[in-house]
Amino acid sequence: MARNLVKAGHEVTVWNRTRAKTEELKEIRSAASPAEAVAGVNVAITMLADDAAVESVVLGETGIVGALPKNAIHISCSTISVALSKRMNAAHFKQAQRYVAAPVFGRPEAAEAAKLFIAVAGNVNAIAECQPLFSVLGQGTFIIGDEPHLANVVKLTGNFMIATVLESLSEAIAFARKSGVDPAALLDFLTSTLFNAPVYKTYGGLILEGKFEPAGFVVSLGLKDIRLVLQAAEAKSVPLPIASVIRDRFLTAIGRGHQNSDWSVIAQIAAEDAGLSITKSADA
Amino acid sequence: MARNLVKAGHEVTVWNRTRAKTEELKEIRSAASPAEAVAGVNVAITMLADDAAVESVVLGETGIVGALPKNAIHISCSTISVALSKRMNAAHFKQAQRYVAAPVFGRPEAAEAAKLFIAVAGNVNAIAECQPLFSVLGQGTFIIGDEPHLANVVKLTGNFMIATVLESLSEAIAFARKSGVDPAALLDFLTSTLFNAPVYKTYGGLILEGKFEPAGFVVSLGLKDIRLVLQAAEAKSVPLPIASVIRDRFLTAIGRGHQNSDWSVIAQIAAEDAGLSITKSADA
Amino acid sequence: MARNLVKAGHEVTVWNRTRAKTEELKEIRSAASPAEAVAGVNVAITMLADDAAVESVVLGETGIVGALPKNAIHISCSTISVALSKRMNAAHFKQAQRYVAAPVFGRPEAAEAAKLFIAVAGNVNAIAECQPLFSVLGQGTFIIGDEPHLANVVKLTGNFMIATVLESLSEAIAFARKSGVDPAALLDFLTSTLFNAPVYKTYGGLILEGKFEPAGFVVSLGLKDIRLVLQAAEAKSVPLPIASVIRDRFLTAIGRGHQNSDWSVIAQIAAEDAGLSITKSADA
Amino acid sequence: MARNLVKAGHEVTVWNRTRAKTEELKEIRSAASPAEAVAGVNVAITMLADDAAVESVVLGETGIVGALPKNAIHISCSTISVALSKRMNAAHFKQAQRYVAAPVFGRPEAAEAAKLFIAVAGNVNAIAECQPLFSVLGQGTFIIGDEPHLANVVKLTGNFMIATVLESLSEAIAFARKSGVDPAALLDFLTSTLFNAPVYKTYGGLILEGKFEPAGFVVSLGLKDIRLVLQAAEAKSVPLPIASVIRDRFLTAIGRGHQNSDWSVIAQIAAEDAGLSITKSADA
């Protein structure tokens, strides 16, 4: 993402928890702390692993809220809880700063290729100011509403929907294989007809290949997102039975030792539970 | 389907359990029994509601197996059990007849518009002979394998996948509505990005509209299909946890009095369980 | 059961599908067919594995219905479907015979020790005539209603409740072990307080011991009973979400190769899914 | 509990968040803050609704940790998270105080009648010193281990097991009622045989009566406990599929407006999902 912004002519300062990662990015200034990184900027963008990381970087002692100039905008791209998004909005408001939630969809390849999809929510004018940046980072921006946390709701919902696709493909492919159907024929049928969407093609391909390492999106992060969606839904008294099933699958994958695999590894769990020892070939 | 075949220049004789329905079809001969309908034909096509109907029409006393000429082909388009498909194959084989399973995907509108998708399995030569008919009925034929029942596996899997989409959309939209997200904005985001597939657009639209009657596909038939996929998977020792969740949803919909609604009515159940009384508008 | 009846002074003729089993029972006459076994008797008792066996023995060509004297009573002790129980009642009624459903609860040891519990339903007078037999076979008879199939509903419900205990103990013990709690201390606490019932003691002990073979009640029979309760509930539009979870567990156990183990083997599945490789000892 | 301690001759000072409640207790001194209540005592007992309450009373500015004398014992009877129990243990240790976890089982009637069951964990000597108090409060003490949080694991497990009983009874009774079985006959059978335990009798009775208000244990507290067990199990990578089902039931109960009912109100949800409008009488 930083590389794409530089390419587009933006001046970028980066702070990363793992300094080594920053140093790979030539022509990009590196800062010693989040506060140093945002001093004097118009826009701060955060992209971090989870609530704890975002909380410390944004609300911590040397965090962004304490150093971002008045009227500057903080764009939060991380997948975080709805509750934390609300708290950040309040904290920025108190400092006369602006806050836009802009969680992104896409695996690492998509980020590199500037092909992310971005769900955006916040003040209309702030969003308009950020639009040129979104255009650099992604292939599409979707404005969800004027309260920032609404974009986080959409992001969590989207990840829940992707996880559902993973689980349903996992079950379907296990069933097909045990029934003697070539899983490639099944997937070709599905993705040529009613399920002709990127999510089925990408993950269907991964599952057929059975290649869950190295992980594009690690199963423990998948579990985190399902936890966040369950928590946010619980706060509103919304039962999500499928999310509960998926949560158990991710836990099982971790329990059985796949904590470093891609979240699509649940296909291997489904296959093993059906008595299939590998996921690649058809065996009746 | 019959109308499209006639339009394409085929000679068609129809037998329908409800005679009135047949009479609507002008220029189509009507038969008094399945046996009469298939006497002397090259190809018999069946399209019926469930296993019981197919069993009686095909294997019953005045059924197709007893009357179809040698070497003629029976194309079974119904959504039926894997077990019955195997039994029909054996019965036709015994009479030197040929059997092709060709279950179709598509709501009534798609059938009328000849836009069905067809999953086909059976003897390669038989399929080749039928291809002109499939081209009239649908917009795409997918050859799954040379044992007919494999197409039934794919059909059941496909309906399970559609039902999963229904359930995940139902949960997602209930969550979005309770969280203050406009469900139309959510759906637009999903179907413009990773979930850019007909199944999300069609059913997402139906759910947003909240119009579950008249039913395009009634919930009791949805339950039947989930039952068939669970039975076929059980016979192969394959657990399908999401299918079990969906089964309970369909049962709940029927239990609560929606037995005549479209199977997407489970969105109303999900909404009610979250404390939302109607499914149409956003209410935080 | 037969041995206990003989001991109590009853004249017993036995027919068993596996003749060898019958021959172990000295002082008991052995018949060549069900029809031969029931010729001239006052009471016929059936105790068979599943619907198919009962259907063939009772309703088949050389079955009981064709040979049982008028006014004689058929006591069905098997765990069968509600639907078959209704059909048998109708068939016996047609022949002026009487039919009592009396499914029994208890593992093989209990049957031998005449410690079965019996749920009974049927005509009040017929039940009264059978009471002396029930007293020989079990330690308690419970009259459920005057339509025989009601006892089958209770039997299926009971087995569902036992399976729920199995599953909840399996989950609880996996959680306790991973948390460092001695599972024996947990079980002692539970069975000394609110869960002070035989079902928790028997199965808790089995699970702690981790000895699932030889099976007292094999997992495939457990799956059969859960299938029957799900089918009977589906016929009445009753969703049973816990039964669905248990069904998936039994299928997983079978899929993973434990088809000959006791149904409590699901504790091993739960342990393995939590990353515990054996079920016996505590390991944090 | 306080009344029973006074009756047994102990000197008791009480602090309650709702002062009015304290004033009902004559002969008991009332304190203005937790710190005041524990000044100079040998033993402090806390019994509070949730983690937030315990955290503020124990670890807050005027909390127990800051005021309890050295070597004195804090007995925590609340149902709280495993994580908070560990943190309290560490905090007391730092102050040279002792900490015993002693969560109690029993509805309000049991507390009044000194019929609680107590799961205890902590230092052996500290437990021995507290034993006379436990004997006053309950009818049985069970020592789980020497790390206090282990008792909290047992308490959460126990509440999960009770909730499972609630859910299985709810499903069983809905099925029985729709099948024409008198639910009282079913319950009598169960609780006279394999399920002859207090938890089935107490809750079975409540469900048959259909009287979910006033609540003995409110559904939102039930949801809290299931959340705690799911969180603690997640921290150890243990999937608990039945707990997930129950969580959805409690959420549904709250979503449908029963937030102030007893947690056994999920029986009404199960009944309604099966198309039964009330829970009291049998209706086929």
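The letters A, B, C and D name the chains in turn, as written, and every chain counts its residues from 1.
In this text, contacts are C-beta pairs under 8 Å (C-beta built on N, C-alpha and C of every residue); 3 or more make two chains touch, one makes a residue touch a chain.
From a predicted model like this one, the values you see are computed outputs, not experimental measurements.
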Statement: Ordered by label, the neighbours common to chain A and chain B are C, D
- request: Please identify which chain has its centre, taken as the mean of its CA atoms, farthest from the centre of chain C.
  value: A
Field: chain A-chain D separation of Cα centroids, rounded to whole Å
entry: 38
Field: Where chain A and chain C are represented by their mean Cα positions, the distance between them in whole Å
entry: 50
Query: Going by the touch rule set out above, which residues of chain D reach two or more other chains?
result: 233, 237-241, 245, 248-249, 251-252, 254-255, 273-275
Field: In the complex with chain C, residue positions of chain B that touch it
entry: 223, 227, 233-234, 237-241, 244-245, 247-249, 251-252, 254-255
- line: Residue positions on chain D within touch of chain C in the complex are 82, 105, 117, 119, 140, 142-145, 147, 150, 153-154, 157-158, 160-162, 164, 167-168, 171-172, 174-176, 178-182, 185-186, 188-190, 192-200, 229, 232-233, 236-243, 245, 248-249, 270, 273-275
- prompt: Which residues, counting only chain C, touch chain A once they are in their complex?
  reply: 241, 251-252, 254-257, 272-275
